[in-house]
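Think of it as A, B, C and D in the order they're written, each chain with its own count starting at 1.
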Amino acid sequence: MASEAELRLRDRLSKLKSIGLLGGTRVSGELERLQKQLDRITAEPSEDEIWRSVELARHQDRPYTLDYVERLLDDWVELHGDRGRADDAAIVAGLGKLDGRTVVLVGHQKGRDVKERTKRNFGMAYPEGYRKAMRVMKLADRFGFPVVTLVDTPGAYPGVAAEQHGQGGAIAASQATMLRLGVPIVCVVIGEGGSGGAIAIAVGDRVLMQENAIYSVISPEGCAAILWRDASEARKAAAAFKPDAAHCLELGVIDGIVPEPDGGAHTDLDEAARLLGSSLREALDDLDGLPVDELSRRRRARFRSIGIFA
Amino acid sequence: MASEAELRLRDRLSKLKSIGLLGGTRVSGELERLQKQLDRITAEPSEDEIWRSVELARHQDRPYTLDYVERLLDDWVELHGDRGRADDAAIVAGLGKLDGRTVVLVGHQKGRDVKERTKRNFGMAYPEGYRKAMRVMKLADRFGFPVVTLVDTPGAYPGVAAEQHGQGGAIAASQATMLRLGVPIVCVVIGEGGSGGAIAIAVGDRVLMQENAIYSVISPEGCAAILWRDASEARKAAAAFKPDAAHCLELGVIDGIVPEPDGGAHTDLDEAARLLGSSLREALDDLDGLPVDELSRRRRARFRSIGIFA
Amino acid sequence: MVEPRIDVQVETNDAPPTDAKKHPNTCPKCQSHYRDAELDESLWVCSHCGHHFPMRARARIVSLADAGSFAEEAADLRSDDPLDFFDLRPYGERLAEAELGTGLGEAIVIGRATVEGNVCELAVMDFAFMGGSMGSAVGEKFARACESAVEQGVPLVSVSASGGARMQEGILALMQLPKTIVAVADLHDAGCAYVSVLAHPTTGGVLASFASLGDVIVAEPGALMSFAGPRVVQQTTREKLPDDFGLSEANLRYGHVDAIVPRPELKSQLARLLRLFANGK
Amino acid sequence: MVEPRIDVQVETNDAPPTDAKKHPNTCPKCQSHYRDAELDESLWVCSHCGHHFPMRARARIVSLADAGSFAEEAADLRSDDPLDFFDLRPYGERLAEAELGTGLGEAIVIGRATVEGNVCELAVMDFAFMGGSMGSAVGEKFARACESAVEQGVPLVSVSASGGARMQEGILALMQLPKTIVAVADLHDAGCAYVSVLAHPTTGGVLASFASLGDVIVAEPGALMSFAGPRVVQQTTREKLPDDFGLSEANLRYGHVDAIVPRPELKSQLARLLRLFANGK
């Protein structure tokens, strides 16, 4: 029996096929990819399934950005600092080779143990982190290196110093910078895609999510605290605002879902990395050779068209 | 009797006339301007005359940037802040109209009384000041507004925080930013043109000095302290490294000298402003309508060619 | 497991951020009380102490646009309910109530106008409509304001007042950040200037998108402009907040705004900027 | 009158910045003493405590370039004395003495080379030549290195060690800041990468120009990189300086350098970067 989700996805697919309604934002391979993913989704995720994604996305053993770097990139050179104030360890940035092709990689980095978590501020960046990201992405732009971003943050850090350093302006500037890059950008939400802190480095030509990642405007707990006046209603809140990959695909927010090993990415890091690498390769190949102005036109059209209103 | 300075200037003039040796950096009106200024210089400045320039350039009643803004610009709107850390009052930046033409003006600002001197840090900027300058100059670039800079600083501030905030990198970045602006830039040293703190906002298509301004790689006191091991030898040091306008013109560092009222700019602020305004107008008219790539080519050639070696 | 932390993006309370117990026409700073007509007269600034009361979108437009010059655009555009969102009440009900309560179709009003004779596009937010929160419709209307400015070849002036992204639209609300930023990029590429005016409060997703991208950013005195609201920062970090946490005065000091302009001077200052940018390419 | 302050740009002392009383081959950190041959062997790094001794330009080139690959350029270029500068001694005499003492024509050596087989242009400064100060000749040679890199279509690697601008050339020395920055801009426009290595010390006008404009900036451990030298800062501000004032470790923390690379790893790290940039447009 076709679920509502499946029906909506089929609807989206037929629109794409017929009139390119979400037009300009899709390239070859898109249809097949959607079709394949459609085949995987057999039912609208239930409240339990959505909550399972929330738990897996935050799982303490889930692979983080540097786990993928180590498995996917050769000649990795990490670049530090925003050239103005600090080096924010909550975001890593650097150069490496993916199958012999130099790319710039930018990603949030949570910590595995207590010490690293403190150092990396649980993956919650200060404005300095976004300024480092912008600096390194501009370097990519100068040399024509594609940009890969890995998104995994509870959110931008809500602290006094972060505000004084211009958190809001930095998040806005980072998005504006990404919009203007003349190189292909592939963004993957690999864990928590937490609100402004996530979108700050998620403005790309392809935006993907891992199967058990979440992407949301607010954390379930935050939403519950405000709307239900009770943070323990997080599970209910998550079911209401639907941060799971299937729903994000359905809403046109992401372009595809990166499969994970059965049981979640943390059960087999090598396999998770292999699957991520293969999605990155496919996306980069798709974008390869597009003229800069076409890339820019499509990227802008992609984000300009998101939203549902009456 | 022709002095050595006059001879060198005549030599430079004849080179310009014949083969455009300093080529690409000069435009129409250049020859007449040089000729006129040549007529004013009848002798190489003596040690006393150089020292008088040092004293006048630092005179407590000498007009500062905002004195000129108030007399020359309509609809002045000052813009504050570097969008990252602070608003540095040692540099002012803003938009105004010069004869109906919108320009961006950036200038060092010393203080007139004790309170303002403290606030403005005696015109010695932190990196934040240069970052504000860059931000506002990039705004000029986006909208095609010519940029006018007024240089008047003992130097960039040599403090612990200034270093931690990246003084060297900010001064380098500001010069690099100016080189890349696609709009005409006119820079005028109106008082002390103190080393890196000065050149940071003095990379323009036309670089002028007021008659009694100084422009130097180090202060006379600093030079004396290092080379003579005695700061009180400042007068001797100044005579040795020749920071006065006539010598700077002779060395090809500046393109022209802005006359001051007899006795110095501080004796008649209105007249000093009128003379400065007329030089600015002339320079901007000269540069008006040059295509961006030609402007950029000439600006680069101008600075690439400065220097004397064997 | 990483301790779940309260995320920071949104503080979309329907209540205004001033002390809820007081009458809205009582000055929270000096306790002076005014009639609506008096406040309308004084541009909703306390004539005793200078406190800036929140200003509704329509009143703001009257205060800035030359008389009769404002021509509204996209007035019929409304929010949808793409997630069938239901918390304690359905989103659709909240929307209907907001429209009834404010007389506005959404939390932003856009249209063309002249300011002291200078043509521009206006985009003015209203905090009274669901805390000025940004969902798909607000994002769309802001983007259309940019596009209208481009069509006319005139500058855009926005006045923001927002608690952030609108939670009830989930991830689509977050996507309005890049959407409005695309619109500003297109505006800039067309050579049009953008002046962003920040009124109290401008927080969360609006501060983290278009409101921070003005060529010139001016703030009203005492306006809160922070990405995370003071309550969230307090709860998350247990830090003692400075007295002027997130206020425009602090933001001026930290270099994030160009100027603080008291409301009675705003129109003439905007006119000055519009005259200056009229010379641009 | 504004109190005349000591300006900050230049600290061109001929003496190296380490404690002058000690023998130059005695480690200032742990007092270990070495013969020249031992230090040559260890790349002038103390094998006991890791302290990085100053490294001469020729030794640096040997340590980075593949054997026999270095082809020097502009070796004949020399400084002039445009101001007839005379302090306690004539500038010309100081120059002659520096050339005799160092065997170098100027404070910078440039040329093409390969690093682990990757072609690049090298520009290496030598602090022993008048404190690595930058006058017209140093500026010109650096600019020519950029131009040579452009001609070859290869990246530029510079190693800086400098007290700043060379006072004896007055304002012309200051003009080498924008001159070298023009050269880097041309290099970048040609699509060539620039890796800037900061050795001890990189201060004043060199830090305030090309050395800060690398696409990637790496520093050696313990290298001083400050615009104003510690002595000037101390004298001007009467501030107590932090122990690591201006050192590369502090600069990494404050976000100004990409990485600190110990000398024994420098060649392979540069080779890695050259391989990465070989893919650039």
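Everything that follows uses one rule, which is that contacts are C-beta pairs under 8 Å (C-beta built on N, C-alpha and C of every residue); 3 or more make two chains touch, one makes a residue touch a chain.
If you're wondering where the values come from, they're calculated on a predicted model, not measured in any experiment.
**Q** Determine the set of chains touching subunit A that also touch subunit C.
**A** B
**Q** When the centre of a chain is set as the mean of its C-alpha atoms, what distance in Å lies between subunit B and subunit C?
**A** About 41 Å separates the centre of subunit B from that of subunit C.
**Q** Indicate the whole-number Å distance between the mean C-alpha point of subunit C and the mean C-alpha point of subunit D.
**A** 51
**Q** Nearest whole angstrom, what separates the Cα centre of subunit B from the Cα centre of subunit D?
**A** Computed value for the inter-centroid distance: 28 Å.
**Q** Show the residues in subunit C shared as contacts by 2 or more other chains, in ascending order.
**A** Counting only residues that touch two or more other chains, subunit C contributes 254-256.
**Q** Which positions in subunit A touch two or more other chains at once?
**A** 83-85, 165-166, 169, 173
**Q** Can you name every chain pair that touches?
**A** A-B, A-C, A-D, B-C, B-D
**Q** Once bound in the complex, which stretches of subunit D touch subunit A?
**A** Contacts found on subunit D: 188, 191, 193, 215-216, 252-259, 269, 272-273, 275-281.
**Q** Within the complex, which stretch of subunit A touches subunit D?
**A** 75, 77-87, 95-97, 101-102, 128, 132, 139, 142-145
**Q** Quick one: in the complex, what on subunit A touches subunit C?
**A** 58-60, 110, 117, 122, 124, 154-160, 162-169, 171-173, 175-176, 179-180, 194-200, 203, 215-223, 225-228, 231, 234, 237, 240-243, 247-248, 251, 253, 300, 303-304, 306-310
**Q** For the complex, give me every residue of subunit D touching subunit B.
**A** For subunit D paired with subunit B, touching residues are 1-13, 77-80, 82-83, 85-88, 135-137, 139-140, 143, 165, 167-179, 181-186, 203-205, 207-213, 225-228, 232-233, 236-237, 239, 241-242, 245-246, 250, 254-256.
**Q** Quick one: which bits of subunit B touch subunit A in the complex? Just the residue numbers, please.
**A** 83-85, 127, 131, 165-166, 169, 173
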